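So, here's a batch of structures to check.
Consider the two complexes below, in which subunit A is the common component and subunit B and subunit C are the respective partners.
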Partner chain A sequence: MINFKKINIWYFSTFFISAIVAIPILTVFSSFFETTSNYSLILKDTFLYEYIFNSIVLLSGVLFVTFFIGVGCAYVVSFYKFPGVNFFKWALILSFAVPAYIYAYSLTAFFENYGTAFSIFKFFFGEGDYNSFIPKFDGMLGAIISISFSLFGYVYVLSRASFHYQSQNLIELGKNLGFSKKKSFFKIILPSARPAIVAGLSLVAMETLSDFGSVSFFGVSTLTTGIYNAWTSFDDLTLANRLSFFLLIFILCLFILENFSRKKAQYHSPSKDGFKSRSLIQLTGYKALFVFTFCFLIFFISFLFPILQMLYWTVIFPKHLFDLNIFDLLKNTVLLVFLSCLVLIFLAFVSNYGSRVSKSKFLEILTTFSVSGYAIPGVILAVAFISFISWFDNNVVSLLFIKTIKPIFIGSILGLVFVYFIRFYSLACNGIKSGYLKINYSIDESSYLLGYSKFKTFTNIHLPYLKNSVFLIGILIAIEIIKELPITLIMRPFNFETFATTAYIFASQDLLEAAAAPSLFLIAISSAFILITSRYILKD
Partner chain B sequence: MTNNFLEIHNVTFKAGNKAKVNNLSLNIEKEGDIICLLGPSGIGKTTMLRTIAGLEKIHSGKIILKNKILSSNDTHIEPENRNISLSFQDNCLFPHYTVFQNIEFGAAQNKKTKKYLNANEIINFLNLEHVMDKFPHEISSGEAQRASLARSLLTKPDLLLLDEPLSNVDQSFKEEIQVKLKKILTELKITTIIVTHDSYEAFYLGTKCGIILNGQLKQYDDPYNVYHFPNSIEVVNFLNRGILIPAKVTGENSLENEDLGTIKGNFIKHYPKGSDVQLLLQPEDLEHDDKSNLKLEVVDRKFRGTNFIYTLKTLNNLLIPVFVHSHHIHQHEVDEKFGIKRPINIDHIVCF
Partner chain C sequence: MRKILLTICAFFTFFSISNANEVNIFSARHYDSDIQLYEKFTKKTGIKVNVVSGKDKALQKRITEEGKDCIADLYITADAGRLGAFQAKGMFQRGASSKAVKAAVPKNFRTAYWTGIAKRARIIYYSPERINASDLQGMTYEGLADPKWKGKVVIRKSNNVYNQSLVASLIANNGKKATAEWAKGVVANMARDSKGNDRAQILAVAAGEADLAVANTYYLALMLSGKKGAEQQAAAKKVKPFFPNQDGRGTHMNISGGGILKYAPNKANAIKLLEFLLTKEAQEHIVNNTFEYPMIEGVEPHKLVVQMGLGFKQDLKTKVSSYGKKQADALEVMLAAKWK
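This part shows the complex of A and B:
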């Protein structure tokens, strides 16, 4: 499979980068050859089935809600004209700015006994036993709601793109066959968008299974929290890795499903010949009001609600805001974003360019395998990375008469950026790859034939052409890193905090009102980035 | 070493691992010659160009340009160091540059070009002035193809390779561009290999034409000979400019066909008297004559502007094409009888 004639500096670099990204997957797999503590036996008899059951219930609930909300919103904004439709088109993706764990804090803060809802009732109606009828969204229900409203954007964006590019011809065909609007929706529109919807749901599924912040906040024991507990409470890294392996298998199935759907989704991409722009159906009267209310409610619940809740607390407890070392948090966040973007984009460029120049099938397969890091929960990545460094330190470094390398990689900015690199490599790599896919290979060949070397082709053709993609990828990475919690929590140096970790620490100490200010900053920064990129996100 | 400008010795051209053209040898004798390669789609013509340009490596044989080995078993000069320009069929303009920047891009790397041409000359020449500030996605495929051609010409390559250069150009514009292209290539003495499936284009532009069929170079000759003296039945079938009918050689200069009677002319190859042969009958070989007693039934009539092509059916169900000037005094409808002038005289008789 490996053609040794093709091995050059580019080939080697691409291989090396992909191999590094594959470390956690290999570490997790290798746990099967190691012994675990007694906790594994206890776990098997006690919590393991609960972890699996809870994971399945959580996943099913989230998939159901995100499907309903995501597809519903995408459908109405793509096919109908009603007041505010242009606003909702981009406003609905703002939910990406609110991480599930912050949503969880807001939900609890609003509905808990004597929470914000209680205060509102009290303000308007005076003292009363409102706690008895204010619904409680905690436990599994809270987790499902928090994760769903935070993630439905994936289904919305992908479904909307698919609906947007659906040819008018298809819809006219439905009319021609005498289909009602309802029948057209179920027989033509929905099946045509199926691959995009499945792709969106698969992403939601992967993120749900990876979620740590909200499930741990609500005390729902899933496989992800199980992994964390095996490591932190029982100090059993091998078991943590072994649990990760089960989760990985689960996620791998979703990943394959998502990849499969995405390939099929290409059939829906716009073509010059097949695409005929659609005229939107004008809604008036109660129908317009109904659709407007639906979209507004989703926008309100997913974005305005957590913001208002956090804002409310920040205003009524200003002390927490003043106690917050905003400058340090901002500096730390910017530092992480800057370093990660630099490393990720540079290495993704090297890897993609190497793959392109080498034209190696082997490298292509290796790259595809290595980018599956995105599907691996942050907790697993961090644990696997620590396991690997420990193994490397004990088995390789010690042979080199060096005392230890652990402090360099564990509890350091370098280690943190390293794990970010593994986690978000697929984002950078696939982003640049999709940019490269738009550059036909014969473009490179044209450049060579005009006398330009490979490097000059890279600087004169690829870089200028991909600058927009790079900008977009940079922003997407920034959004992810600002929101990222478990890796930062596990890998960060002592006393090094970001907005995400600060909010989490306060929330885990039951100081939800103190978590409000950092959460608000986090949402504000993410929203700004999302607004910058909304044009691109909605386009593709 | 020989004095040929380009020599291709026993090269097997491969796309991936699949051999497309086997063991091909071909020479371009003089600088400035224009060679046109004709063949059906997927036969490996583009692979040949890519290999000559250095985009594909060869596994056997040798390619020599101006006495310098470009490709052999142990030599492979990179494409950027060959000074060979290839204009792709799908134009491959750089999408983020305007048409003008695209055209200048090649010239910027090849400063010596300025001695020969400047960008504006080429732009005027190929009628591209109106699209200079546009991006590739804003222009038609014909304009893109011309822009790509301009970019290639400006590099003043030692060898210019054109892959279906005018396939997307509008028919109305095509002849004008062909004339200009031929003029510029001839004036600048740019040695060129053009791949096309348009035989008229090849016959007009080419100093020589090569016919590639079934992985082999079947005929390599000047255009007149390729058309009038095809060297195999495969070439006749590929050019599709006539039919083969059975005949018996009856003398030094004559044959006999059951339906058409005696046919006279000069054999280009000797056949013994009494031989059964397949005679190539091209549309211009037969003349129409209303008064002739040799009448055949019209089964189809194609109007081609300057002429009609009648398809006539003989008693033995052969379908024979015949040209008639479109100003001919009257037309014949399908099922009518159509007279063929007798005796039939063909300038050169090609048989197999």
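This part shows the complex of A and C:
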């Protein structure tokens, strides 16, 4: 498989980057060579099947909801004209700015006994026993709603892009065959957007299965809860690692299954002469009203609702806002975003360029594994990294007569950025890859013929081509890092807080009211980033 | 390239070298009011306090893996069981109970390795509308398993550490077998599957979903204080606290506490900080912000806590230092009873 002639600096660096990304998988896998406590037996006898069942219910629920609203919204804004359509096109992406855990805080606070809903009823109708009929969105239902509304953006953005570029020919074909709109949707539009929808859903699936914040907040017993219990209550990190590994295998199986079911079907019709801009269908009357209401509801539930709840608290308890050290929080957040973007984009470039010039199948497979960072719960990822550094320091570094490397990687900005890198590498790498796929190899060859070196080809030809992809990926990474919680919490240095950790600290004191102000800032900054890029996201 | 690497290493080493006049805290008890307290300490002594707050096990993992290179001096958390378990792993060093600490803290709430900073009780809340105080005469934690409370009890999940410490104390007093039966009885009496935090249990009683709730003392005071809004303040007035096991060993107590880490580079400063936290000034700050009970004599708890009643008998028989050893057993019996 490995062709030794191809080994050069590019090959080596690509290999090296992939190896770093593989650190947590290897650490997690090494748990199979260690002993576990008796928790594994207790778990098997009691809740293991329930955990698995709950994980499946959660996953199915979230996939169903995100599919329905993601594809639904994407379909109506791509094919129809109705009042507000241009607004919804980008407004629906704003849901990305609200992390699932903040959504969970809002949902609970609004519907709990004597919560905000109760106050609203009391304000309008006076004293009364409203608790009994205010629905309680907690437990599994709460988790499905929180995760779905904060993640459906993936499905929306990707399927919208696919609908946008769907060739007019296909749709006309439907018309010529006498298909109704409904039949066209199910027989032509939906199947041809399948790869995009599936890509969106698989991102949702990974985040759902590795989610810990919202499931633990709602107390839903999923596999991640089992992982966490094994570690925190039975002090059995080995079992926690093994369970995470099974989770990872499960997610990989989902991918393989999907790939397999797709077989070799071709989805993209060559767009050079097939692409005509589509004419949109104008909706009027009750149909327009219905579609408008649908989009508005989704926008309201996914974005306005959590924001209004947070604003409500900030207005009632303004002290929490004034107590916030906004400048420091902003400075820290910006520092992390800047460093991570720099590292991620740079290394994603090196690795993609390396794959491209060495044309190695082996490297391609290796890069595919980089997705794993996304599929392991953030907590476990960070702990695996700490364990690895400690092992490496004790067994390798100590032989080199260097005192220690631990303080450099644990509890430092560098370490934090390192783990972010592992976590979000697949995002950066695949983003740059999709940009690269659009640059034909013949362009490289022409450049070499013109006497350009590989490096010059990269700076003078690839880079200008990929400018937009890089910009877009930078923003996506920024949004993810602003929202990131578990890794930041474990890896951060002394006296270092971000908006996310501040919100968490208040929430864990049961003071969601005080968590509102940092949450609002977090959402505002992410939203600003989304607004800057919505033009690009919608185009690409 | 080499130069760049060296510069980066130098840069980070520079930042990680500890400055002599400081103390580094890993805290799993993250009240923002604690930060204000540390600022007071710095003003008074000139010793800078550096803090990383986070989840217990994550912080412990960092301390364990960093080993000798860990620059943290103090580990602070809000459960005696966690302190005990971490001590059992050999991660603390002796010294937390200095002379001044010994003089201030009752014996039951400290060891040579760590000391309590504030106290909380885990008690029963009831609805006076639906339950007569006379029905609760002689009520115990053990009594929560009595079939007469079928469908009336709410308590949070088994993975919650306060529950684990409570059940650990039951195991210490009644044995594992009896406690396993007890857990089954409690699960049979639950008004709903366990969910939500302690405050949610109290609210469930206020809203009529259950008649008895088990929760820590400071949650009711927090609601009564109005920090959770007017609605919850009114709701809190619909429930009453009850201190169980008054005829026997007393009510289950737990602590917030801290211990000095094995490789602490600033041990002397860490002891100074612990001693400061046990001064009258600091204790008053703690009780008025977190609604816990003071650890030392001569400090009055917050007035809302005083209203809940101070004359109750605390369980001083069951050592808080024993919780850690029994927590895993506690979770095991709860899970075996299908306690969610």
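Rule of thumb we're sticking to: the second predicted complex is superposed on the first by the 504 of 540 C-alpha atoms of A that agree within 3 Å, B and C clash if a C-alpha of one lies under 4 Å from a C-alpha of the other, contacts with A are read in each partner's own complex, and residues count from 1 in each chain.
Everything below uses one rule, namely that a contact is a pair of C-beta atoms (placed from the backbone, for glycine too) under 8 Å apart; a residue touches a chain by one contact, two chains touch by 3 or more.
Everything quoted here is computed from the prediction, not taken from an experiment.
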So, after the overlay on subunit A, do subunit B and subunit C clash or fit? They fit
Check the residue A:172 against both partner chains and state whether it touches subunit B (first), subunit C (second), both, or neither. neither
Task = Classify the contacts of A:452 with the two partner chains as first (subunit B alone), second (subunit C alone), both, or neither.
result = first
**Asked** Now for A:440: first (subunit B), second (subunit C), both, or neither, which partner does it touch?
**Response** first
Margin query: Quick check for you: in the superposed arrangement, does A:508 touch first (subunit B), second (subunit C), both or neither?
Written below: second
- Can A:404 be said to touch subunit B (first), subunit C (second), both, or neither? second
In this superposition, the partner of subunit A with more touched residues, subunit B or subunit C, is C
Once aligned on A, the angle formed at the Cα centre of subunit A by those of subunit B and subunit C, in degrees rounded to the nearest 10, is 160
In the overlay, subunit B and subunit C get no closer at Cα level (Å) than 26
The shared contact residues of subunit A with subunit B and subunit C are none
Per the touch rule, the subunit B residues reaching subunit A in their complex are 50, 53-55, 78-80, 83-86, 88, 90, 92, 94-96, 105-106, 109-110, 148, 151-152, 155
Subunit C residues touching subunit A in their complex are 8-9, 12-13, 15-16, 24, 30-32, 50-59, 61-62, 65-69, 71, 85, 156-157, 159, 161, 164, 193-200, 203-204, 206-209, 219, 222, 227-232, 234-235, 327-328, 331-332, 335-336, 338, 340
Per the touch rule, the subunit A residues reaching subunit B in their complex are 438-440, 442-443, 445-453, 460-461, 464-465
As the complex stands, subunit A meets subunit C at residues 37, 42-43, 45-47, 112-115, 118-119, 122, 129, 131-132, 138-139, 218-219, 221, 225, 228-229, 231-235, 237, 316-317, 323, 379, 382-383, 386-387, 389-390, 404, 406-408, 410-412, 414, 489-490, 492-496, 501, 505-506, 508-511, 513-514
